[in-house]
């Protein structure tokens, strides 16, 4: 019997790892990938709650799963748009290293 | 749940219309030759006017739920709808000349603008977290694109990258918060959240953390410190009209969401649970402080305006912090402040755009001698800045006074004190801009002055009065475009009018805030 | 007809210069003389109104007169444009009418961006009128800030920098400092106002109305603790504008950098706003705090007197001498206020009036000299009386008034301040009298050094005051003497104001 | 049994994620991401959310990973193996650890609901919920996708651009 | 008698009229001033007649319970300051008022008479001066203020007039302001007297605090009735004395008076000999009820008077400038008056005030005549003129009468008044006082004799070859004054049937008839005559040489010739202390109060901004990190607060 907590902890861990990636990586692409991990953590959280708690209290109709669908959609769109901008950056400046993307500062 | 799905969809007419018109813009764009793209601006403006017209026909004193409570059409939403559309009109006015000279894909530009306004409108009506989130994303996505719209400019690309990375990160955090709230309560409806919060019983840590994460997401959108760091970069890098849009529109939309979220989800539980007030107050305080202090050290005008807007966000947040005590007063204060802030900033940005269109420069030092070269624009910027600094007879003074009185009345006099002090700080950097425009002379006029000073050198003490100096010839700039002049002119009238007689607007705001007045 | 006029007179007092400022904006840009003449027209109207208002103020009836209330923002802030004039405001309204007209006339020498100059100057005048005639804290603050607002540009654009050899005091610095320090003062005021509003709100009658707040205070709605910390906010906040030590340094630098007309108006009238605020807001609304803090205030006032006078002693620049002398003289005003004594307070108000005229006259005359000699160093200027006899005469009269010569207005005022202070804080009063003696030293030194004596050939080209300057100077001299000889008309009005101001204690 | 499956899924998910944030090679990172996403899909299956698992595999595993790989190739970032971590990675590590501990602790400390047991949704219910109750967000989401699409096209479209690298005139002060 | 207020009003009116219309008036308006003062003189006569005829049943008059002299009082409201509130009851009600008593009467007479003479005299003396009109304007203003001073019935009015005469003194000393001498002297006069005035004002206010009124009579009544504590009485007396010392050039405030001789000589005669400088003595005399209530204060008055009298006499003896000799002589005699007041010799002091006033005016005008005659406009070095009696017989005669009178030669007025003083001193003060007073009397006669003999007798001086007698207007004035210098003293006697003597008219507390102490009288006659004889031997006959004396006392002489270094001390204090402090304070103001106190916080804020902006590093991962930290902070804070 796997309790809900395990899934939630899995989500939290995934979120943390994603966050680490977002904080530590140098490549803009990898940062975006890391954030995708965080979004996955959200999904796990949502789906787990929906699955375990449906019918209890206000939980109804597996809304969590529906929300997860939206999250996935938006995440995909985000990836697409982010990569478009990164690509433009690469064409203009020849780099996607966020260390070098710092004309704008202070 | 399914009842009422189709019964009152007509209430969403403005949104449907806006969607359709946005598509129309995209479509027309395909057929218009490059030199005629300005028509799209007209089309977009006409769309916004139409939406305003439709919205004006609707009853602000009634409230109707749509889609089983995902959305509500009420006075608050209507007010903000009109407000956002008006902002959109202003931004279009700012964009026409700038876009013609400096942007590609103007058709899509206006289309995206309309979509983002649609997102804002929906945001103001949302009553449920997911809907709010998706609306917010509609706005954000448009903004990501618009910020990066200066395709050939390295600064614009960089702004886009930073904006989207931090934006996506924040949305991930916000979604996690949403998931936590869902996991704790099983619902994402504002009113149900409020009901659960107010209900007696042990609070679960998951919920608190969830709400905290949600606030972080809002904080990003509001650019509240410490979630503000993208803002200066995005403002500086973005094309000028987009900067203005970020400063005005995106902030206003985020506050609309914040107001409704707090009003409907959190304030009703304030009696049982009020520590959020302190959290928001602290956020507000550090936002004002950081924004205004860092602004002191800026040399780029757009960046300065970014930090300045962060400071202003701090003031408005202070109003949010006291929503729990006298809701009507605080909400009115915040909304009034937002309107005034928007109008004033529009004037300032119109001025900056007018100058940029001619000179192509946006550093503060580049404004030197502006008062001689574009007197009206300089005056408009000056009045705008005075208003932002909170000096009478301009709207900024009245709005700040109203808001800070509300903050003080809400039991946070210390916060009002910090706000007032940081207003003083802000005056310093606004005056620096003023100094460049009115007192300093442009670099190429400098040698005349230097020669004059040398001439006076033989006295052991000499004073060089302004009136002694022969005016070095400074070529006046070509007049700003009519659209910009009109924007500034109308904006200034509003700024002065609101500064002298804000009562009518306050009546409107009264209606808007009454719609979200928590009953509890 | 006059009764009807009374209904609107106060409103007109603000609206006339404000409308004048707006209309001036639409004058043609390239005709500076038109702008000047129009500004004279506006200032003259407002002067006439101020005289009429002063004369129509019925001191026998006392209290707040010509009251009108225009609703502005409703519940819960309950702000209304509540106009009303009391015995303290009335002479100051008159003062502003006089000095504004004088300043506009003197500003004939402004040739650069003349139109903009008068727009700002008239706006400044409107703000000052406003402060003196409103009975609502919001609007008091509104007009207070309005009066500060134009200063930056007025000094920055039309001012002058001073080179001390070892360091430079630029007009930009002067303007910025003046603006920031004054607004820093208004930060404190603002907080104080909000604190009072909160108190009234907690008492169930949220209001910004001064009279209602005073009533609430009398009913005990404001706690003693609140008053204890709010009064210093008002005292320092308004005090900054009144040149309170150690926040006075904006005053010499600012006044020196400012163009003549602005110096006149600012030193002559604006500094009085601060003192007026302390009386009208600080003392009236937080009397318990005032009573506790007054020893400190009178101490600082005394420091002002002595410190300003001694600092003036070693200044070489004519305008700096006047600047520090203003600091010193405003010290008397602060002392008089802090006595909380009818005579001392009346003396303070009279000193405001007297100092306003006197310092405006001095700035006008120094401006006339600077206009011609392009220098203000008292070591380089000499024998001015030869070429600029009338200017010297007027300056000397103003100087004598400032050193407290009987027969001129300054004496009566200082004397009354001393009287009040003797009753309450005797040792400090003695110091104040000594300060007056020091004033004599620097004024006489200045007169001897720069005005009397044999003129250098380099000053052969100087010409005496223009007819306009003579007219303004002569009028001011007449006022100085008239008030000095027969102060009763002013004092009758002031006494009633002072009596009501002290009735809360 | 369930637990074992969960552990496997967790190892996939976490391991993949660690791979994404640890590898020096961008292409590898993309593949690790795929691994992690598939692990997550496995977790969805364990939660009886088959539809979500499907969506996850199709959209993420397919579309997103492919987009990533395109991006990697177009930006030739695979040629930069040195692109690994920036200087603040230790701080990032601590921060991430603390944050996930806080999140985890919040779950840990929240009392579990005794009735909690996994339930499987009925597909049709899910669908009808999506298109009735959630119709509005659905419509808005479509607009979001549209905006992303248009934006991506505008921004990424190849042009003969002259880059004005107007390096910030801010100066190095 | 109520018309007495007209006495100053004429002159007050004349001043602005002359200033404004001098360009169009004949003689630049001088006749206006003279007419005004002549009018004042006429009114004075009328008022005096009225006063002499009045008695205690006159509605405005009463016999003062303190001075026991007939005192008349006329007031009108000037202004009110402050309205009493319920808690604080005091306010001030100010009057323009006249207090007419014998002291006022005689003083008004002196002022109007001498002023009239001086103004007539000035017609000639100042002829051709480019600022002739201004001269008369200031003269008129001065006279008006001086008369007001004498008439004032309250301290405030007195103070006002007091300051105004100071102003006129300033203007008239510095009349030739082109030259540095007059300019500096004027400034010095104003500033030094102003220092004394601080004391005066403080004293007045101190009285007000304790009496509650500025009225003199009320103050006196309070002092006499013991309503005031001794401390207050002494303090206010000393403070009033400070003012008196400044005006009457008492040590250590005497330094301005000799310098004031830079002004036109008629000014010296009027202001710095006969009228303004006696204001201090007048003040002490007027406020005598206060002084009388405090023996300590009286002792101080006497001591100051004595020190001044003796010191100034010694300096006068060694000065070489004619006007300076006269100036120090004035200082010395003012000291004698003070001494007399301190010795309860009130009548003697007033009497000497009058006698000295006429005589000294005469001497100054005589000196002016000399200067006019030899064509000097600044200093007259007595070593360079001499034997003028042939060229200027009338002047010589007049001057000699004045000198003899002040020197204390019997039957001339100075003798009688001085004698009264000696009497008072010997009666009421320790013996050292009378000894030193005698010495002063001797010195006084000696320097007068020296000046008289050197200038008019003896050998022809190098500057006096072209000397000529002054015009009739000047000599006429001299003659009239000379008559007074001779005869004024005689009013001290008891003239049976006509007049009971000065002491029965002008007195404090009790009338006293004429009395004469034979011992003192003989002693003073011997001293005076001896002094004149000595001077005659030394300066005219030259049978006695003073060279050996000069050599023997060279160090002392140097000290005296340098006027005891008082001026140097002042100069040092001003240069080294005041100006240094002032410069230091100005620097402190700029560098500390402004640059640190005001700029400092602003700089801190600005620097904070500059430092803070570095947090926006430009690296997106920093932004993300800060967001994450914010998340943690917010989450933990929120959580902890909620538990």
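Annotations for the structure displayed:
Each chain carries a letter (A, B, C, D and E) given by its place in the written order, and its residues are counted from 1.
Going forward, a residue touches a chain if its C-beta (ideal position, glycine included) is under 8 Å from a C-beta of that chain, and two chains touch if they have at least 3 such contacts.
Because the structure is predicted, anything quoted here is derived from the model rather than measured.
With steps allowed only between chains in touch, the distance from chain C over to chain D comes to 2. Listed by label, the chains that touch chain B and also chain D are A, E. Among the other chains, the CA centroid farthest from that of chain C is the one of D. When every chain is reduced to the mean of its C-alpha atoms, the one closest to the centre of the whole protein set is C. The largest tally of C-beta contacts between two chains is found for A-D. Relative to chain A, the most remote chain by averaged C-alpha coordinates is E. For this pair, chain C with chain E, the centres built from the Cα atoms lie 37 Å apart.
Per-chain Cα centroids separate chain A from chain C by 64 Å.
Spacing of chain A relative to chain E, judged by their CA centroids, is 96 angstrom.
If each chain is reduced to the centroid of its CA atoms, chain B and chain C end up 40 Å from each other. Across the assembly, chain B contributes residues 130, 134, 137, 141, 144-145, 148, 151-152, 154-155, 160-162, 165, 169, 173, 176, 180, 205, 208-209, 232-233, 236, 297, 428 that each touch 2 or more other chains.
Across the assembly, chain D contributes 86, 88, 91-92, 95-96, 99, 102-103, 106-107, 133-134, 137, 141, 144, 148, 151, 155, 161, 163, 165, 167-168, 170 as residues in contact with two or more other chains.
In chain C, the positions touching at least two other chains are 180. The complete set of chain-chain contacts reads A-B, A-D, A-E, B-C, B-D, B-E, C-E, D-E.
By the touch criterion given at the top, residues 130, 133-134, 137, 141, 144-145, 148, 151-152, 154-155, 157-162, 164-165, 168-169, 171-173, 175-176, 178-180, 182-183, 185-188, 192, 196, 232-233, 236-237, 297 of chain B touch chain A in their complex. The touching residues of chain E, when paired with chain B in their complex, are 602, 605-606, 608-610, 612-613, 615-616, 618, 620, 622-624, 626-627, 629-631, 634-635, 637-639, 641-643.
Residue ranges on chain E touching chain C, taken from their complex, read 78-88, 90-92, 156, 159-164, 167, 170, 174, 177-178, 180, 183-184, 186-187, 190-191, 194-195, 197-198, 201-202, 205-206, 208-209, 578-579, 581-583, 585-586, 589-590, 593-594, 597-599, 602.
The part of chain D that touches chain E in the complex is made up of residues 86, 88, 91-92, 95-96, 98-99, 102-103, 106. The residues of chain E lying in touch with chain A in their complex are 613-614, 616-621, 624-625, 628.
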